[in-house]
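Heads up, the next two complexes both have chain A, just with different partners, chain B and then chain C.
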Partner chain A sequence: MEEYGGGNLLSEAMGSGPRVVVVEDCVEAPAAFVLHLLLKRALAGGGAVALLALAQPFSHYDRVLRKMGCNLSLHRKNGRLHFFDLQAFPGGPKGGAICDAFFRLYGDIQRVVDANRIAEHAGQFTVMIDDVSLLEVAAHGSIDDVLDFLHYCVTLTSEMNCSLVVLIHEDIYSSERVGLLLHLRYIADLVIRAAPLSTGLATDVHGQVSSFPLLVALANIMMRVGVLHL
Partner chain B sequence: MAEAAVRYLRDGRLEGEHAPALSVSGSLQCCPLAARAMLHVTAALASHAASGKSQARGLVIVAFDRSPQVYLDFMRRRGLDPNTFNRCVRILDCYSDPIGWKQKIQSQQHQESSVEPCSMDKENVTIFRSVKDVDKLMCSIIDLGRGFEGEDKIYFTIAIDSISSMLKDASVSSISGLLSNLRSHDQTSSIFWLIHSDLHEPKFSRAFECLSTMVASVEPAVVDSVYEEEIPGNMSFLEKNYSNAKFYVRLKRRNGRVKHLYEELHVEGNDVKFISSSVSAEVNQNLLPKVQFNLELSEKERSDRANVVLPFEHQGKGEPIRIYDGRRSLPEAQQDPNLTASAILDEVKLPKSATSKGEIHYIRDSDDEQPDSDEDPDDDLDI
Partner chain C sequence: MAAAGASGGQTIGRSSFSRVAVSTAASSSTSAGVKLGPNGAAFVSSGIPDLDRILGGGFLLGSVVMVMEDSDAPHHLLLLRSFMAQGVVHKQPLLFAGPMKEPRLFLGTLPAPVASSKEDGRQRVMGAGTSSDGRTSDEALRIAWQYKKYFGEDKTSHAEHKNNKQEFSNDFDLRKSLERHLLNSQNIECVSTQDGDTLGELQDRCSTFLSKHLRKDGGNLNAGRIAIQSLCAPQCGYFEKDWDMVSFIRSLKAMVRSSNVVAVITFPNAILSNSFCKRWHHLADTLLSIKAIPDEDKDLAKLLTGYQDMVGFLHVHKVAQTNSQVPVILEASTFSLKLRKRRSLVLERLNQAPVDGSAGPSHAASGSCSSSSQGSQLDF
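Presenting the complex of A and B:
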């Protein structure tokens, strides 16, 4: 699928080196595939990835990425992919404060990032969260804790040559005036949004992807809409 | 008119008054632009402080949203020399480690092994690790402000970027308390902050506007009146709003009169540029009745008017026309930093009174009022 518009649009949007990428989707047009493309892109470029998976188990990503020609198990063995299975997050002792759980999680991520920085290959490091909406559920709806955690992940991007990619389900927040989504858009350098076609369903086109670079250093703002074929 | 706001902040407070305060507000529709306008104002005040034109000796930046590095880079690109920067800018870094997690991890690591921690060593950046404690934040800000060099009473300017991030960890009342305490602190020369208005209920942003003497709001250049918000996929709107915005300033003068100013803001490289739009009439448009006469000047008439030398101003005669611009901008001041504003004025008069009989020389203030404007020339007087 990356031969079509979606892939080109992504590489064009990612070309400017955004630090914080927010991928928004909705039920009609899920954008998990964007994460898969970005995951493959990050690993293929010689970098390392920490994948915080709340939505799917490792076997799912492994199967999808294998179809795309990328062997996740191998990368995991080589220490280039750090997989955090958070389906049971926060887990641990019941009754522990959620902020402590986030603190421990952040500590683990920072350790991995530090180790990567010291290692010889030391490419770009990507922290990927699939997805933030579930993180909020895990935090029992405490947005402040999620935002604190995300803020620390963002500080990694400015201090340690990292990038952060997060997926969020936009339609969950459509009725809220102020929510996690708005905060995320503020911290984003690049917003990638998957939406159904405005003209309705078509046989071979599933939806459209748009990207909005918000990068402060960008002088020339470019914006394109790509049509996504699945 | 961003100039006007900057000038008010630069001139600082009078004895017995609260410091002037500017609130810069913006929404997501023009998000990068409000933040850039804030950077622009910050850099302008830093360079005023560096050149000694402002009342404040230095600038304390309280950075929540952006890493101190962003400020350092921006100021460097604006041409501020790193030494001056170190002398008159202090950054309280609430971005890197706002709730102390990194320090905690570091101390844990030290117990296990001695891994070299990654830290930022910059003399003018202080990392603040407990943003939830508003009282401590206030003390740290004031401590940093007191650290500037100088004799007599040292004034300083405070920039907070942004209030919205503070509101995540503290209540509206405690932050309003912090702001008004900072405003009334006797060493604060001026204070300004950024607020993302759409992240809070409207009453919150209004509460902070009440604390300020100036409000600058950055609004999207184009708004679709039918949908009232961006339509996904409608790129032309977005594209325009990312490079242009409207900049409204509302400022309250000492005598209580309120002024509305309007400018257009354009992205230009890494900085923003303010263009006083010929549509400044837009603000007045609703107020003025529709009449047959021409109330506005054309571009040519405007430039002709600007070229007229008024009889009470000195007529040039080969000398450059000086405009009084802040406390110490006259060339003599640059050679002698100890001069005060009144001393400068004396010095300007002296050589002339030596050559001829008594003359009164009028030096126009750089303030934006035209000499022949309708405004009451005495309205600054406190009677």
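Presenting the complex of A and C:
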């Protein structure tokens, strides 16, 4: 991981083993790469991952992670990666209530987590959502259903000893509907935020990543992890 | 540019060298109008050779391109028409949707490709560097502040474009319209977005269109194009159904991703609320914005060379990247949109005009100051 500059900075931030990690980004500085790093980290540590992919198809993640030295197809075959292709979520016939779709989805995740717990050498289980803003679109703007779903996922972390990683596009919520973002920040143990450099583009530095461990943030200390080189 | 960026960013990548070999080997089996790039990417031309070059090869197959319209001028139609005309020329299936009663009439306004035989021949004789009339006359007057125009690499890429232009991209003559027989023989579908109260019909048409172009492993790359004009325009029946529109784009994106189709959507971003606008931006794979420039802006005319030929600015916000997390970093993100010989579109980097020689050093300093503030103004 060290060869990917920033990887060790990220692991420093992840050092305390946060349960809920919220990754925030904006149009100018997409933070999908943070998810890739965390995905690799979760799988490399011997754990299992349930990836709720709303933004990209499997081939994309597979290709990106293969370049980072992590074979997703293999992990998927071994049952360590549970890939939920939710690009067409909720799908099916129109008119079915969205909360039912969320309920079914949660049931699937819970089953996977359960199975992982029973398995012999069970490591840490991570539920990863890419991204929540699209979950909201899938729910047709019904923020309550999304919050309910997220709440269930958070309960998983305490009951089943797993962690939750969530990507959210922060700039959508800058003016309206701040509820979802505030809620996520509230439940987060660690917030990682990608932002463009205020000085504009540079050839090798594309932005900065800051992380706010919220346990510490209670004491009102904000820790900047540093500029991350891709 | 993507290839350059990728190789630059992947100094630590392990498999990047094998990728190139694969793509060159496979390139022989592609159909006309499709170009293969790194990371399993395939491109089709946007219809504007300069834009293809800027975006690192063209529009990525399986991506959604969004163009933010200028609220005062229909310059986005220049992009849309070029994109559609290029598809027609390559005999690629096309689905067009627009907020008008008779969308098929819009096809009559598509530009025709520049008669390549005469033009190309002449240009080849004159050499690659003298591709435009402006450049021919300027050739003798190389002045330091414009040196970027004469970069060697720029010339070679231009020359390269000339060579495979026949297959990949054409220059279009905006004054001539495309020949009728091309439009009639094509499988071109048109949908009006004005009538329906919901996006259901458009969605159905898109999904039937896309189901014909599903991506098959190792299959031939027959590209299709979807062009949607002013998706959220007030005259559309579903206007102000914000969630419907975002869901539509999301499902369109999901379908497009698994097919060999490029969807270009233009939208008047000014009428969307701020947060929905950001949602649209996030949903776009490639995000461009077009801005017209006022006719008589004296300050701007002083600052930029070639101001009188410019019709607008093109800003590149986002460049599509699938199967890779290496971002494409452009040398510049704002380009001037010019009409060469009043008929074909070219994109150029902004060139700062020289400060008046007679003005003296103090003036020069103030000139550079104002130019930097101007730069932020242009940064729409």
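Everything below uses one rule, namely that the second predicted complex is superposed on the first by the 216 of 230 C-alpha atoms of A that agree within 3 Å, B and C clash if a C-alpha of one lies under 4 Å from a C-alpha of the other, contacts with A are read in each partner's own complex, and residues count from 1 in each chain.
Note that a contact is a pair of C-beta atoms (placed from the backbone, for glycine too) under 8 Å apart; a residue touches a chain by one contact, two chains touch by 3 or more.
Keep in mind the model is a prediction, meaning the values are calculated, not measured.
S.K.: Consider chain A as the common anchor and indicate whether chain B and chain C clash or fit when overlaid.
M.R.: fit
S.K.: On the A-aligned overlay, A:H82 touches which partner chain: chain B = first, chain C = second, or both, or neither?
M.R.: In the superposition, A:H82 contacts neither chain B nor chain C.
S.K.: Just checking: does A:R66 make contact with chain B only, chain C only, both, or neither of them? Give me first, second, both or neither.
M.R.: second
S.K.: Pick one for A:M160: touches chain B only (first), chain C only (second), both, or neither.
M.R.: first
S.K.: On the A-aligned overlay, A:D148 touches which partner chain: chain B = first, chain C = second, or both, or neither?
M.R.: first
S.K.: With the two complexes superposed on chain A, say which partner A:F103 touches: chain B (first), chain C (second), both, or neither.
M.R.: First partner only.
S.K.: With both complexes superposed on chain A, which partner does A:D171 reach: first (chain B), second (chain C), both or neither?
M.R.: Touch status of A:D171: second partner only.
S.K.: Does the superposition put A:R41 against chain B (first), chain C (second), both, or neither?
M.R.: So A:R41 meets neither chain B nor chain C here.
S.K.: From the CA centre of chain A, what is the angle out to the CA centres of chain B and chain C, nearest 10°?
M.R.: Result: 130 degrees at the vertex chain A.
S.K.: Considering only the touch criterion stated at the top, classify A:R185 as touching first (chain B), second (chain C), both, or neither.
M.R.: In the superposition, A:R185 contacts chain B only.
S.K.: What does the superposition give for the shortest Cα distance from chain B to chain C, in Å?
M.R.: Between chain B and chain C, the shortest C-alpha distance works out to 18 Å.
S.K.: Of all residues in chain B, which touch chain A in the complex?
M.R.: Residues of chain B touching chain A: 28, 31-32, 35-36, 67, 69-70, 95-99, 101-102, 104-105, 108, 115, 118, 120, 168-169, 196, 198-201, 232-233, 235, 238-239, 242-243, 267, 269-270.
S.K.: Which positions of chain A touch chain B when the two form their complex?
M.R.: So the residues of chain A in touch with chain B come to 103, 106-107, 110-111, 114, 117, 144, 147-148, 151-152, 155, 158-160, 178, 182-183, 185-186, 193, 195, 198, 208, 210, 212, 214, 216-217, 219, 221, 223-225.
S.K.: Flag every residue of chain C that touches chain A in the complex, lowest number first.
M.R.: Those residues of chain C that touch chain A are 9-10, 12-16, 39-40, 242-243, 246-247, 250-251, 253-254, 257-258, 273-275, 278-279, 281-282, 287, 317-318, 322-327, 329-330, 333.
S.K.: Taking the complex as given, what residues does chain A use to touch chain C?
M.R.: Spelled out, the residues of chain A in touch with chain C are 3-4, 27-28, 30, 32-33, 36, 56-57, 59-60, 63-64, 66-67, 69, 87-88, 133-134, 137-138, 140-141, 169, 171-177, 201, 203, 206, 230.
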